[in-house]
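Have a look at the structure below, then the notes.
In order of appearance the chains are A, B, C and D, and numbering begins at 1 in each one.
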Amino acid sequence: MSAPVSTSPDHAHGHEEESKFQIYVNVAMLLAVITGVEIVGIYLPFAKWVIVTGLVILSVVKFLYVIFYFMHLRWDKPFCTILFFIGLVLSAGTVWALLAIFSVKDSLPLQT
Amino acid sequence: MDAILKSDLQVKDVATETKSSVFWRPTAQTGLISWLTTVDHKKIGFLYGIFALFFFLVGGFEALLIRLQLMTPNGTVLTAQQYNTMFTMHGTTMIFLAIMPLSAAFFNFIMPLQIGARDVAFPRLNAFSLWTFVAGAIILNLGWFMSAGAPDAGWTGYAPLTSKAYTPDHSVDMWIMGLQLLGVASIAASLNFIVTIINMRAPGMTMMRLPVFTWMTLITAFLIVLSFPFITVALVEIMMDRLFGTSFFEVSGGGMPILWQHLFWVFGHPEVYILILPAMGIISEILPTFSRKPLFGYPIVVFSGASIGFLGFSVWSHHMFTTGMGTVATAAFSLATMAIAVPTGVKIFNWIGTLWGGHISMRTPMMFALGFVWMFMIGGFSGVMHSAAPADAQQQDSYFVIAHFHYVLIGGSMFALLAGIHFWFPLMFGRKIGEFWGKLSFWVIFAGFNITFFPMHFLGLNGMPRRTFTYDGNLGWNSANYIATVGALILGVGIFIYFAVMVYTYFKGEKVGKDVWDARTLEWSLPNPPPEYNYRVIPTVHARDAFWYMKQNKEQIAKEDATHAKEEAAHGGIHMPHQSIYPFVASLGMLIAGIGISVMDNDPTPGFWGKKIGVTMIGGVVMLAGIYFWALEGNGGYHLHPENDGDESNGKKPAKH
Amino acid sequence: MSSHAAAGTIDHHHDPSTSTGIPNKKLIMWTFLASDCMFFGALISTHLIYRLHPAPGSPSPKQIFSLELTSFSTFILLMSSLMMALAVTAIQKGNVKSMRWSLLTTIFFGAIFLGCQVYEFEEFVKLKNVTLTNSMFGTTFYTLTGTHGIHVAVGVFWLILMYVRSFQPHEAGRTFGWLFKNFLHITALVGAVLLSMFAVLGAVHTLHTGGTAGAYFASYFSMIAGFVGCVAVCIGFAQPKALSNFGEANAIDVESMGLYWHFVDIVWIVIFTAVYLIEYL
Amino acid sequence: MDGHQSTIKVEGPVARSQLEVFYVTCWVTLVIFILVGAVLAYASIKFKARTTAEEKSIPPEQGHGNPLIEIGLIGASILALVVIAIPTLKGIWYTYDVPEDRKADTYEVTATGYQWWFKFDYPSEQIAGAGALATANELVIPAGRPVRVNLRTIDVIHSFWIPKLAGKVDMMPNRANHLWFQADQPGYYWGQCAEFCGDSHAVMRFRVIALGPKDFNDWLSQQTAPARDVAPPRVATQDAPKVQFASLRTFKQNETGHTAKYDISPLDAWKAQQFPEKGESVALIAQGKALFKEKACLSCHEVRGHGYAGISGPSLTHFGSRSTLAGALLENNTEQLHRWIHNPESVKAGNKMAKGYIDNNIKLTTEDEVALVAYLQSLK
């Protein structure tokens, strides 16, 4: 995932850096395309769960591209990734658990 | 090597030497200004400690009033409303203004020393955390001096009791705003600690060589950073309900009050581990020191600490077993809660393993530490009883819970913090507390504590509900309550002795040299009290109990130090950050804005610029100004060239380059 | 060891002064973002829980949302992220000038996003009659997207501060005069952003209500004039008289700001799917 | 541990199953405590350095741990937890709802929490023109049958707890909670609101009375009847006797509101309460009945059959037959009833009736109070 970091300063400034511009533009284009696909996707005549799954996957892909490229986790020490994912995983887990708790019959609000 | 110099400082080395003329960089070493502008982690830690102990006494005083009211059936010491205020403020004060800041005091004072650093990563942010904490504490306690009265909705502030309909006055606003500021302070401080521990370690201090206290600081900081956002959101929502008339928790608008409980406890449960993990860290330092043995199973202790922290996020609904969550959710949270007993048990076992085969010296800190192990175990077991949901249906909101959490909070956190104060007192102030008085205070506290809280288990099982200002005499609760009150008074006497002895020692106690306890971690290699730059030479760490290793390998260390000293001198000496007033200004702004939001009445007559909005805006401007100057003044700093170790004169000479 | 500080040879992937090699500022930012994940987690849960159990008679989001507008602002935010990334690369190579332009573009895109949000909110309140208090949907929707909007606004403000800061002279040049100018510069830039935003919103409004260009200029003249004035002030201040002390060494400051900005972007990615798109199914 | 609210001396299957789980946790942790405690005590005594010389002697071996012991202990802990977990899971499902085979026999009631009293509705006892039978603060149930309680609230969160019969379940706004329990024998049980709900949470109590089939049916037919009318209009009130209760005294704050009667033989005491008192003064009662209207009591209280239909306070239709009043804070006798209507605020801080006195500008003379007390007590 993350390339081993070279200790030589010269290397860091080498050709790898030069091509970042290109990478960033490509990623941005990809993100735009995915967003387009998502928008079209909601009108497709598939079962709801298929579309939801699709949307979730596409959003996750977008998410990962931004954090790994724009936020250059890909080139950073893995520790940054771990750090962020602690928060991300706990947050996602908590949101999921809360939604699960509120989906059961006992949680139906009592509207009178 | 050279781990201590910060990157941007190296770059701006030249610039930082000349003091900029635009910004006020106070240099006072004594007096009020020096305290308001300090960025020294030791001074900040000391201030945290003082505030925390003050609020501990306030919270204790409130507890005594509670106990006096309940001493006999149909007590009349307090009215219903005063009583409700009392336990609300008692719980809030003890948790947020006593235990947490006391832990923070140790984080600040001890942790950087333990990892061989000269300061925390962001010294000014550290000052900001302290003053914001003070601002939060002020707002929380403002109610005592106002007609609205102090908050009285319980430390859990369950909606909809906290809504405008049921608490129309400002008391709850102050509670919300106070906690909000305390949250900001805690998060800021924790971010700082995390970066410090991860990035400011001395050479050779690998993560698996960190002292356990530092490890627990790290985990606690993570818990704070990850759990406080939930209460922040909950408080924002309830505040919007109160200020703008939204209906997050307002049934008439389709709101579900139960959501408050979820948001609160997603924070609340990790919070209780925030209270206990630092304590466990302290214990894990004291037991090895006084057994003269390394901690038994260090990696497992560390790992179990981390898993307690992690699991702590998956059990919040065990506070809600009686809210009718349905069978599956109840069962899931019940089992997850039980699972926490395993990593906690591991710690207990390892502490016993540490004692095993050691040379235990029964000094006061050790007495408190052993008291901790016993008392925490009892508290943990009643926790496990709670975790069995069907049993908890009878125990929830009864005195059984009160017994449980006072065992883990006092017998746990408080005992450990009291132990820590005894333990590190010689390092902080160069004086040692006399053994006789120390042990006496221990025994009185220990006895008083058990007399107070053990009977509460029976009260709970006998059906006494918590948060009740009165009870009838025919329910079989009279003697247990009476005993508990007598115990609380004994406990109060014990605490009094403890503090009296501490104050006495501060001024007149026996002076001691370096490393009184023959301890094992780096901070003890410093002279006492530690100089402002902490380490004349940044130590190189070779083993887990770094200082113990140093004592065993004196020549090697001396040689290393000599070379490093030269290298450092070549780099311009010890870099020290400038003091700064702006963190204080920013916090002051938050205090003013907080007062505006929480206690000012909204008078819409003069249009938009009412009193409320006016005061809030003024606060906001002060805060922004503080942050603006803070950002512009830059880190700054000066250089020190101490002569030799143990040089207490703190001879400060601006470097001449 | 501080040799690399002098010449432009800073290794942006490794800071030898810290134990892990990760700069302190980057580490604190990542930790803060982890914390912010929880923050938005709580807000998103609130919204979704109430969407799961809508109160009877609550409005139907599908009828309220404008997918075109939201898609557009999503796209804009993505582009701003791109510009932010470019700004970071620029300063890492010591190219302050290029960085300034990238920052300005980022500010520009950020302002458009905010403008879209203001427009959206106004539309919802005035035309669709969804206010903060009249339905649970409005309450949670405005709170969630508004909090995100505040994050964007803070980001824009931070970008402005950073941009202005890139003109900061060396220590010796920092006088009260500079402090004052610095302050004015910031004010002018903030003013430019706000005034342009409202001028454009005004233009949209005029178009909607079928007004003429003349009417538009008549009623928004002061805003447009103010905007031009602010821009002029900014251009005036943007002449670096003294050598600025902003350079490659400050890359870390720009980078941590960038992390924040990108994070706000990914939060929007989640919100876009979880709050907007899902409603259309 | 055998107080009126004991969770140890239980009298129904739900509380019993909860108690069993508690005992399991208790025994398991007790055993662990003894084992761990013994080792801890042994280690602290055995390895204690007794002299300074011993303290300063060569340090012991610097051992670092023993993975085998650790894993063994972890395994043992998990095993211990499994022992707790199994009855826990069983208990969760058992206590959640009435077992399938008892469903048909279940009696259903609805309990609603108010700041700070409970209202009980009996959906299966419909009264023509008045809806379901409603009473307050005393829940009368058939003994030996499962009772399923729908838990509702109109204001803040309350919690419904009868320690001897079942653990608590909260009454949550906007939530349809429920709870079931069964009283094995006829009896009189103490209940308590167990969730902090504001000023007078502590005194938000109630009672549960379980009756055998016949008694229960008698009670139902008495309750479904309109309020007892002792004073036909024509026995007018020309000269109401000037009765003075010996007890017209002022009570101190928090003064006990009960006598030992209900500690000794509560069910019998309750049963005695069901019958009209001897020596009622018809004139006084008639005067009280009129005052009830005059003083605007009717704006909050219902007295079915007397044309009073307020809803924000407890129904008083058969108030005289209840053993307690004001959220089961006071025993329902002349003295305490007078204490209550004389100054509700001094009895129960913040309560809504005191507020009603102010809002409706209710001022009672001693004569009024005497008459009202007589009237209320006649409502058997």
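Methods note: a contact is a pair of C-beta atoms (placed from the backbone, for glycine too) under 8 Å apart; a residue touches a chain by one contact, two chains touch by 3 or more.
In this text the structure is predicted, and so the values were computed from the model without any measurement.
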{"item": "Contact-richer chain pair (by C-beta pairs counted) among A-C and A-D", "value": "A-C"}
{"item": "Between chain A and chain C, centroid-to-centroid distance (C-alpha), Å", "value": "20"}
{"item": "Between chain A and chain D, centroid-to-centroid distance (C-alpha), Å", "value": "53"}
{"item": "Whole-Å gap between the CA centroids of chain A and chain B", "value": "35"}
{"item": "Approximate Å spacing (C-alpha centroids) for the pair chain C, chain D", "value": "57"}
{"item": "Sequence positions of chain A contacting 2 or more other chains", "value": "79, 86-87, 90, 94, 98, 106-109, 111"}
{"item": "Shared interface positions of chain B, touching two or more other chains", "value": "198, 225-226, 230, 254-256, 258, 266, 324, 326"}
{"item": "Per-residue multi-chain contacts in chain C, two or more chains", "value": "10, 20, 22, 27, 31, 34-36, 38, 41-42, 49, 53, 55-56"}
{"item": "Chain contact graph, described as a line, ring, star, complete graph or other shape", "value": "other"}
{"item": "Interfacial residue positions of chain C with respect to chain B in the complex", "value": "1-2, 5, 10, 15-20, 22-24, 27-28, 31-32, 34-36, 38-39, 41-43, 46, 49-50, 53-56, 58, 132-133, 135-136, 139-140, 143, 161, 165, 168, 170-172, 174-176, 178-179, 182, 245, 249-250, 252"}
{"item": "Residues of chain D that touch chain A when the two form their complex", "value": "152, 174-177"}
{"item": "Chain C-touching residues of chain A, taken from the complex the two chains share", "value": "5-10, 12-13, 17, 20-21, 24-25, 27-28, 31-32, 35, 38-39, 41-43, 48, 51-52, 55-56, 58-59, 62-63, 66-67, 69-72, 75-77, 79-80, 83-84, 86-88, 90-92, 94-95, 98-99, 102-103, 107-109, 111"}
{"item": "Touching residues on chain B, where the partner in the complex is chain C", "value": "1-8, 10-13, 15-16, 18, 20-22, 121-122, 187, 191-192, 194-195, 198-201, 205, 225-230, 232-234, 236-237, 240, 244-248, 253-256, 259, 263, 266, 571, 631-632, 634"}
{"item": "Complex contact set, residues of chain B against chain A", "value": "198, 222, 225-226, 230, 254, 256, 258, 262, 266, 313-314, 317, 324-326, 328-329"}
